[in-house]
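Consider the two complexes below, in which chain A is the common component and chain B and chain C are the respective partners.
Then we have the complex of A and B:
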């Protein structure tokens, strides 16, 4: 159902920038794993997963319950996991220390260089870079917005200009409500082709509906028109309700859950 | 709790893997391969689904008008001390040791009724003894009692007390013997000048925990971003510290319990802090003489405040746990604290901040994030 709304029904799109926004009451990490599973299932795909929020064991346990072995994908080379929760960027970079010291000002450059290295090693694959999440990238940059914007811009050029990868970025919808913070949110919005908002129901938490996703396309996509007619559609985009279970996620149009 | 998804069916593999882990008496196997420790408050444990998962970050949003976050911190610390678990405590006071003196003591154990019957029997015997000897016998008995009490205390501190969650009496003081332990460390946010120093302290604390003995460390940081401490207004550094702490906890046998004054942070930073937490609670005050409230709640006099459940642990699973009710009344009756679900399911729009208006808005109000009060 979500695939139809996203336009992922037939083949995966290439060179897109997807932005997922979540809230404290409804976390969107399930959506990242859902899309990750989808990408890994297609042949000749490569995923670079930057994990800042949870350890690898957390992701792999959840994915295993859904029939996707992340460790196996890692061994086969279709998944590169960059753990930035327990390690720092400097520990990850294999650059000589001189270069690391020069770049001390902007550590995110090192992360970007790592992306480039992986992309050059394996050209021609349908590559996705997944970052969980951008707000923690800002924390790593110690709140230096210019560095974060540079980094995001470089990543975007990989997708749009060089057309060698796609981006899937997670950020928080509610973390940019201060006036001086809105610029970052606007910047992220501007970068992306598709925005997915994950918000709780307005009536609060419920056991059978965990929240709703609202998909907003900024560039034309091959969206299946039939399903979108069913879903509610407001000025922001197409909305679907979802229910999470251990081994799957159910998406359904509001009121149609049995 | 049905919402935890527990059923009578258990997977064989799961049970075996749990059994293979040598469990310490103070932990319980939790869902999804986690192990739980007690928060020291049995009602809160129940709401959290059995306890706090090891490796998680608990955050309590403080309220300006109510000091109940201190109560929760005290209970959390007291339980760790009674279990002999290493403790790292930090607060913005210049002498954090003084806070340790306010940690509640164990309330009377269940054996007490037996003791009282014993005493009655002895009284009966004593009647037969000539009255002159009575004084002498009483003296001896009191000496013996004291010896017994000492022995019991030593036993307790050695870990023969196998209770998962003890009951504490806030009016009592925890025995000095527990506080004198070498595993209790204190730090002050006024003397520890930099956050990196605090970070090092936490790291040292976690690396010291012995894996073989299944030691579980407790880190309690009270009012982390309070203006008295040196970390006030160092927003990004504090977030960096929290991110580091989260990463460290996940790989070590420790739990962190942090309370922070959310109103003193900028709105966007407060949200970022909330995103960092595994378990997020907020405390709210009960306004004095709220007549509307008193009418609605029958046991109004016993209630001292409210605790709101904002986030429950979601470790190794994607399914969120939905609490039966988000607001619980904190009651103080018969020397013990208890949490009780409010009968009317209250949903309130003012998350964290003390509601400026009538507290009855807690009990009856519109949905959490409706654009208009009439919308559902």
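Then we have the complex of A and C:
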């Protein structure tokens, strides 16, 4: 059902920026894995996963429970995991350190270089760069939002007519409530083509509903209109409720859960 | 309204004046309508150039927000129109990262595909960007005027100070060979000072706002319901004339994919027709007006030569009706004879207590 609302029913969208915003009360890590599974299931797809929050074993374990073997995808070359939790960004790069110095100390150029190298090795594939999450990228940039902004801009330039490249970014909705931080939040909003907000129920906790996802499209896309008519709407977009099961996640329109 | 702006861009610069400058101010977090509006202006300007109606002979498009490929692949442009474009690419490598990393492959491919194409590797250097833009425009013939379109000035402001970007714009406007100038600003990325500054240095500005209520107006017959959430909104055009007059117009827009339709808002229509259209007359003729003035209303003075006395509720006045016919002199007489001047009569409760005693009079109350 979420696929219909996202417009992922038939094929994956190309050259899109997808922003997932979560809150403390409703974490979106399940959604990230759900989308990762979807992408990996599509033939000729390539995922570059930048992990900053959890170790690979964590993602791998949860994905396996849900019927997806990340290690196998890694062996087949359809998943490239960039571990920035245990390794520093410099360990991933062959660039002389002075190059980073030239660019006003923006270390994220090294990560961008890594992306370029992977794309050159496997050209023409439907590539998705997944970053978990942006607030930790800010930590690498030592709190310099301008550096993160530049890095994200360069990630966007990776999509050309020869190369399909989409971005899936996770960020925290409530981390940008500070006035100084709103510019960064606005920038992420303007950058993205689709925004998914993962928020708790307004009425509080429930046994059958663990939260709601609200999908906001900013560019035209092939959304199944019938599904959207069933879902609820607010000023931001189309919403669905979800329930997290042991091995899967269920999305449903409000009040339709059996 | 949008046609007014298009005409102004088409007519171009007058000798000795600054070039007309149009700012598109995107006020929402969804830039799609603003981008479609920019494409609309690009389309109308380039078709005017092709037909020879415009003063400019080509368009220099500084692409900082989208890949030039996006404009090149846009289906709304014909081959003729595209041949009038010259791209300055500030999108693909604004900070020179690709140059540092030696990733020239991509850039070379692009340059082969488009002959009129230049990549800017350092957006921070606005002086050389200005040179690139001016050289690009004057490439074919020196005397030819050209239009400059910057698809996002917010991207330039991300790397430069407000003063230097304003100087860059002013240099373009005052150059003489630039026929007209269009740029887009995303208001959510800047504070009020930046927006106001650019409103001052533009001759026209169009502010694009979405209608939030439009989300709820879904139509089952539409194939792309999701598009509804950004498809409707309001455009406000502020046109500054040379004589100092500022004119503001409001229009409603609707986006269908990559095209935009405009319609007048209800507010402006209502302003035109002040008197509602009904089947009976609401106005009076002069004769009717004179006759109306002659009518004496019941509460007005009847003019029979006597002063009117209005009953004030006193019972004595009511009991004797003849009192109403008293003259003013009689009334005064009655007042003086019957009513004594005001005096207060006071009786002390007890003689035991002297009035100026220090004793507390409430002493016995056991408070």
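Simple rule for what comes next: the second predicted complex is superposed on the first by the 244 of 258 C-alpha atoms of A that agree within 3 Å, B and C clash if a C-alpha of one lies under 4 Å from a C-alpha of the other, contacts with A are read in each partner's own complex, and residues count from 1 in each chain.
We take it that a residue touches a chain if its C-beta (ideal position, glycine included) is under 8 Å from a C-beta of that chain, and two chains touch if they have at least 3 such contacts.
Keep in mind the model is a prediction, meaning the values are calculated, not measured.
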When chain B and chain C are modelled together on chain A, clash or fit: fit
First, second, both or neither for A:178, with chain B first and chain C second: first
Chain B versus chain C as contact partner of A:113, first or second or both or neither: second
Touching partner for A:29 - first (chain B), second (chain C), both, neither: first
First, second, both or neither for A:74, with chain B first and chain C second: neither
After the two structures are overlaid on chain A, angle v-u-w for chain B, chain A, chain C in degrees (C-alpha centres, nearest 10): 110
Touched partner set for A:220, first chain B, second chain C, both or neither: second
Lowest C-alpha to C-alpha distance for chain C against chain B (Å): 18
Touching both chain C and chain B, counted on chain A across the two superposed complexes: none
In the complex with chain C, residue positions of chain A that touch it: 5, 7, 95, 99, 102-103, 109, 112-113, 116, 120, 146, 149-150, 153-154, 157, 159-162, 183, 186-187, 189-190, 216-223, 225, 228-229, 233-235, 237-238
Complex interface listing, chain B residues touching chain A: 3, 32-33, 235-237, 239-240, 243, 246-248, 250-251, 266-268, 271-272, 274-275, 280, 310-311, 314-320, 322-323, 326, 347, 367-371, 375-376
Touching residues (chain side chain C, partner chain A) in the complex: 29-32, 67, 69, 73, 91-97, 100-101, 103, 105-106, 109-110, 158, 186, 188-189, 212, 215-216, 218, 220, 222-227, 229-230, 257
Touching residues (chain side chain A, partner chain B) in the complex: 24-25, 27, 29-30, 33, 52, 54-55, 57-58, 61-62, 85-86, 135-136, 139-140, 142-143, 172, 174-178, 181, 199-200, 202-207, 210, 244-246, 249
